[in-house]
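First the structure, which I've put down as structure tokens, then a few questions once you've had a look.
Each chain carries a letter (A, B, C, D and E) given by its place in the written order, and its residues are counted from 1.
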Amino acid sequence: MTNQYIENLLFYFVVSPVIIAVILYLSGANRFTRIVALLAQSTLFYFTLQNFLYVSHTNNVISSPVGGYYGFMGIVLVADMLSSMFIMLTAFIFLIATFYSFSANHSPLFWLLKFLWQASLIGIFLSGDFFNIFVLTEIATIVVTVLIMYERKNRNMYDGMIYLVISTIIVNFFVFGVGYLYRMTGTLDISLVSERVRYLYTSDLILPYALIMTFVGLKCALMPMYSWLPKAHGSKGAPSSVSAILSGLHIKSGLYLFLRFSDVFQNGGIDGSQIFLVLGIITALAGVIFAVSQTDIKLMLAYSTIAQVGLILVGLSIGDIDGYNYVGGLFHIANHAIFKACLFLGAGIISHYYHTRESTQIRGVFFEMPAISIAMILALLGIIGTPLFNGSISKYFLMSGTGWDTNIILNIVNLGTIIICIKFSAIFFGKKPNIRKKPLDIMSHGVILLLGVMCFLMGILGIQTINFLFGYSVYVNIAGYTEKAIIFFVSLMAGYVIYKAFLTKEGPAMKWIRTSEMGFRGMCFSMVAFFAFILIAVGFYN
Amino acid sequence: MENLLHIISNIFIVVGTFFILIGVIAIFKFKDFFSRILSTSKIDTVGAITILSGLAIRHGISWFSAKTILLMILILIINPLKSHTLLRYAVISGHKNKKAKGNKEVAK
Amino acid sequence: MTTTIMSFWLFCNIFVLFQKKLLSMILWLFLSSIIASLGFLFLGSPDVAMAEATASAFVTIIFIVCFENFFGIKNLQNFIEEENSKTRENIFKKIILPAFVVLCTFALFMNFLPQAPQDTYLKNLYILRASTDVGGQNVVGAIYLGYRVYDTIFEALLLLIAVVAVVHLSHFDGVYKKDGKQSEVKNNAISLFTVRIVAPITVLFGIYLIANGAITAGGGFQGGLAVASFFICRFLIFDIYDIPIKKVNKLEDTIFVAVVIMASLMVFHGFFGEIPPNYLPIAQNIYLFIMNLLIGIKVACGFTILLYRYVAIERN
Amino acid sequence: MNSIELISIIVFFLGLYGLLTNRNIVKTIVFASMMEVGIIMFWLSIGFTEGMVAPIVASMFEVDNYQVYISDPLPQALMITAIVIGISITAIKTIMFITLYRKFKTTDWDIAKIKSKEVSKEAIQKG
Amino acid sequence: MSLFYMSLLEIILWVILLFAIVCVIRVIKGPTIWDRVLGFSIISSKLVLIIAIFSSMRNTAYLLDLAIIYTLFGFLGEIFLITFLSKNVKERG
């Protein structure tokens, strides 16, 4: 691809899904919407792949000012290694979702919202402008609110309302922070701001840092501000492909923003990695505890997403910027997208087939739907971190070189995830239900199987995928890996014993954890408390 | 000629402000709602029109005076009728002022 | 001068906080946002003042329509009291704890206020080069139609999604045109007369605002809101619900696609950037006019659907 | 740190206080829109000095030769976007509140939470 | 606040702003909701005057568009306020 051609292709990555979406919506419900949507989605994936290959080969950063206004007067779209990988991941996951919901003929509104969601996510990953991220996050919030409340019959309006109100309040904090940054550095462009921030005193940057990091904290569902996530990801009104994308991808935009903004403030002399290390650990532990107590399979997966995101944050903020932990965190982002999408899609089909989401009432899935259950078991093994699976590679790098205390905590978190997966996999065994057999839908089953197999493949060729995706050349020493494998098997046994001993029947403490839920004012309190905590932590101890 | 226009426009503006001062006093002096509404419908409109005509004179023949005249026409239409709607719906919704009842007893 | 207006605005906002009745709270909100728009004017930005003035009128109309339909003002008071009395919390949890938390955060906020001087890098560039790069006298219009048109596309997209979201999230699926509520203005001849005069003036004024968006303050959004208010007056005058929401929605989408194509053709291929800007002043003015026109019509359609949805369909 | 920025921060925290204390959903929507106006005021108060002129070319050179302070055009362009975002988000919140009220018959956050859990329990029994 | 070289228009501007602030007392004190709406309509008509005088001080014509928008939309908002208010407020006094 010639350089000039790729240069202003970036803009069309964002605008073409918008135009496709509106044309599909305008053309109304006819037989061709599905096919056109599939074609458009695969071409988009092809182009993102081309862009990724171009960027990773020539490894220069494409920055194309929109409209040709140089000198950062307009908006500049930046596609470096990280954002092109994220765009490719977005296009891939949306392609999977399009395949999955191909057979269920949805109304054109579904395709409109899906493509607009994709456009706003790709826009967030590409945009190099603070205010542009605000507008795109608003669009993504509204689209997700409508998609959560998609099915009219069993939608729960309270969850949608909480999600919308909380996300719009936290965006005010972000706009406030960007206002201060604009006042001090005179510009809105991320690269220019991170350049000009060097000449400012660190004490001036504390307030914008706290304001922006509360926004990022809520987007990544850090500990005090987590209770919107199970409402959004596990909502009843959402088609299962939507909650798969939500949990696999939408939470990653928060992590991407965390990476981008912590780079900006790193130049300014504020290093919040200690705080986010502690927050990541707390989030991981709390996510695990909440997930173990759930009985609804989708809520179980939603809470385990919180735990995994906490784990990723720990990885991203332990070592130095290009150390093994950082690479482990990045690789875990990609892995988490794959196996969480696979699990959510599978859970969608199971709950549709069994008409219930209670894990206690679902039994015998292995005999009923062998294909899906094999794929889901592969994904579950991936999450746990069994050797030769992708989870183990990323966890190996995550934990490499950490002190003994963080190692212990990360192993406890891993033990928790093992217990969750054991509790989740209880649905596979047990007697065969006497439910009428549903016609096998090749598209969705095939897609889930593909995701499961990918979990296994990315495990075996771990080092090559890391090199391909992120460009870091890493090396796994066999001794460390086998030691990790032994720890894994020990914790697997321990997890099984703990599950059998305590968790088969629901104790009062477990029931309280499951049913305890923050009200709206509780969430506002947690936002303000998080903001005050970061201000104190960065202000007084830095 | 120039400062003659300025003097006239200054006079208009001061007189207009004086009208509005009366309007403000009217709001607090009158005890019940129905007499208070007089100040919005009449006094405010008159005050606004005098001030705006003063401004129009100050700027002579120009886009500014054209727009001020349009504004004057609008205020002339909207202000009294706005107060009328307010009054009408107050009466429909049964807003009887206590003072009036008092006068009836006194009159009896 | 501006600080007195601002303290006046702060005073009204404090009153919004401590209102028991919901309707007087909305009245105070309307008053505070009108004074805020006056403040914007004194801060040197007529565009935002216009947008805020129209926005406050629309938000008040949306609140009144939604709020009036469910619980009349009279029985709202006891509704709220009875609501709270059921789960009465002690005074500490209700007032003192949040006040303490907010005060501490406010103190922390004040403690870390940045003292760095303002950097006017972009401001000087815009004022210097806006009228040559993008054309038109209004620099603000030049920014959101020329330099940051990428933002404006997503801005228009957001309005499109808002309309779709309101249609989808409402209790009624589909469009019930026939059983809209009657408007109460009908029985009052004089206010009908006023609305009959004001309506054409608003739509003419809206078109005037859209037309010279690039020359004076105003532009696509403010003009579109003014034109949309014509349709509200039309509902008040003739109280008919014959707006075909589906067709208007389709019109809005096609115009949005036209906006995106227009923007990408003219701006993103560097039509302005590379070709020497002063070479085509006519093309720039035509581009700005058409963009303002398209955005104005789109905003007008979007808000008419929104308000019709509320006024005609949500109220029964 | 001019006084207008202080006032807009105070209004922002007033809105936040309103959110924390009241339980009525409609009042939350009102306070959220109040916070947004506070932020718009903060953005426009950046670099404000008394007697600033609008950045419209006609008015920039009309005021005769003494020093002219031209207001910053960029925050104004951004704040028009923020206002339109504010309107559409308020509209969506209101419509969601109407539907929520139709189902749960309450305007209170905590009671809506309790009722939404009951609804989800029934859905589970119904299967 | 140096009164020394303030032109007449600026003094008038201050005076009318003072009147608007005084009218807020009526909106606060107003026994019934109708007094509040009355106070509101007085303040909005005063603000229109403030804008007209401000634009005359700045000698710019386009600011008057804002005054026209104020009157039109203040009127529209109030009409909605009043029509829907009347249906629900059964006043006692």
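The working rule: a residue touches a chain if its C-beta (ideal position, glycine included) is under 8 Å from a C-beta of that chain, and two chains touch if they have at least 3 such contacts.
Note that the coordinates shown come from a computational prediction; the quantities given were computed from them, not determined experimentally.
Ranked by C-beta contact pairs, the top interface belongs to chains C-D. Look at the CA centroids: the one farthest from the centroid of chain A belongs to B. Closest to the protein's overall CA centre, chain by chain, comes D.
Annotation: 28 Å between the Cα-based centres of chain A and chain D.
If you average the CA atoms of chain C and of chain D, the two centres end up 11 Å from each other. Rounded to a whole number, the gap between the C-alpha centres of chain D and chain E is 23 angstrom. Averaged Cα coordinates give chain A a centre that lies 33 Å from the centre of chain C. The multi-chain contact residues of chain C, meaning those touching 2 or more other chains, are 1, 26, 46, 98, 101-102, 105, 109, 113, 115, 118, 120, 122-123, 126, 148, 151, 155, 158, 161-162, 165, 169, 191, 194, 198, 201, 216-217. Shared contact sites, meaning residues of chain A that touch two or more other chains, fall at 131, 135, 138, 142, 145, 149, 157, 160, 183, 188, 521, 525, 528. Of all residues in chain E, those that touch two or more other chains are 37, 59, 61-62, 65, 68, 72, 75, 79, 83, 85-87, 89-90.
Put simply, chain C touches chain D in their complex at residues 1-3, 6-7, 9-10, 13-14, 16-17, 22, 25-26, 29, 32-33, 36, 39-40, 43-48, 51-52, 55, 58-59, 62-63, 66-67, 69-71, 79-80, 83-84, 86-87, 94-95, 98-99, 101-102, 105-106, 109-110, 113, 115, 118, 120, 122-123, 126-127, 130-131, 137-140, 142-144, 148, 151-152, 155, 158-159, 161-162, 165-166, 169-171, 215-217, 219, 221, 299, 306, 309-310, 314. Residue ranges on chain C touching chain A, taken from their complex, read 98, 101-102, 104-105, 108-109, 111-116, 118-123, 125-126, 129, 133, 146-151, 153-155, 157-158, 160-162, 164-165, 168-169, 173, 250, 253-254, 256-257, 260-261, 264, 267-270, 272-274. Within the complex formed with chain C, the chain E residues making contact are 10, 13-14, 17, 20-21, 24, 27-28, 33, 36-37, 40, 43-44, 47, 50-51, 54, 61-63, 65-66, 68-70, 72-77, 79-81, 83-90.
In the complex of the two chains, the chain A residues touching chain D come out as 131, 135, 138, 142, 145, 149, 154, 156-161, 164-165, 168-169, 172, 175-176, 179, 182-183, 188, 236, 355-358, 515, 517, 519-521, 524-525, 528.
Those residues of chain A whose C-beta lies close enough to touch chain C in the complex are 8, 11-12, 15, 18-19, 22-23, 25-26, 65-75, 109, 112-113, 116, 120, 123, 129, 131-132, 135-136, 138-139, 142-143, 145-146, 149-150, 152, 157, 160, 180, 183-188, 196, 200-201, 203-208, 210, 521, 525, 528-529, 531-532, 535-536, 539.
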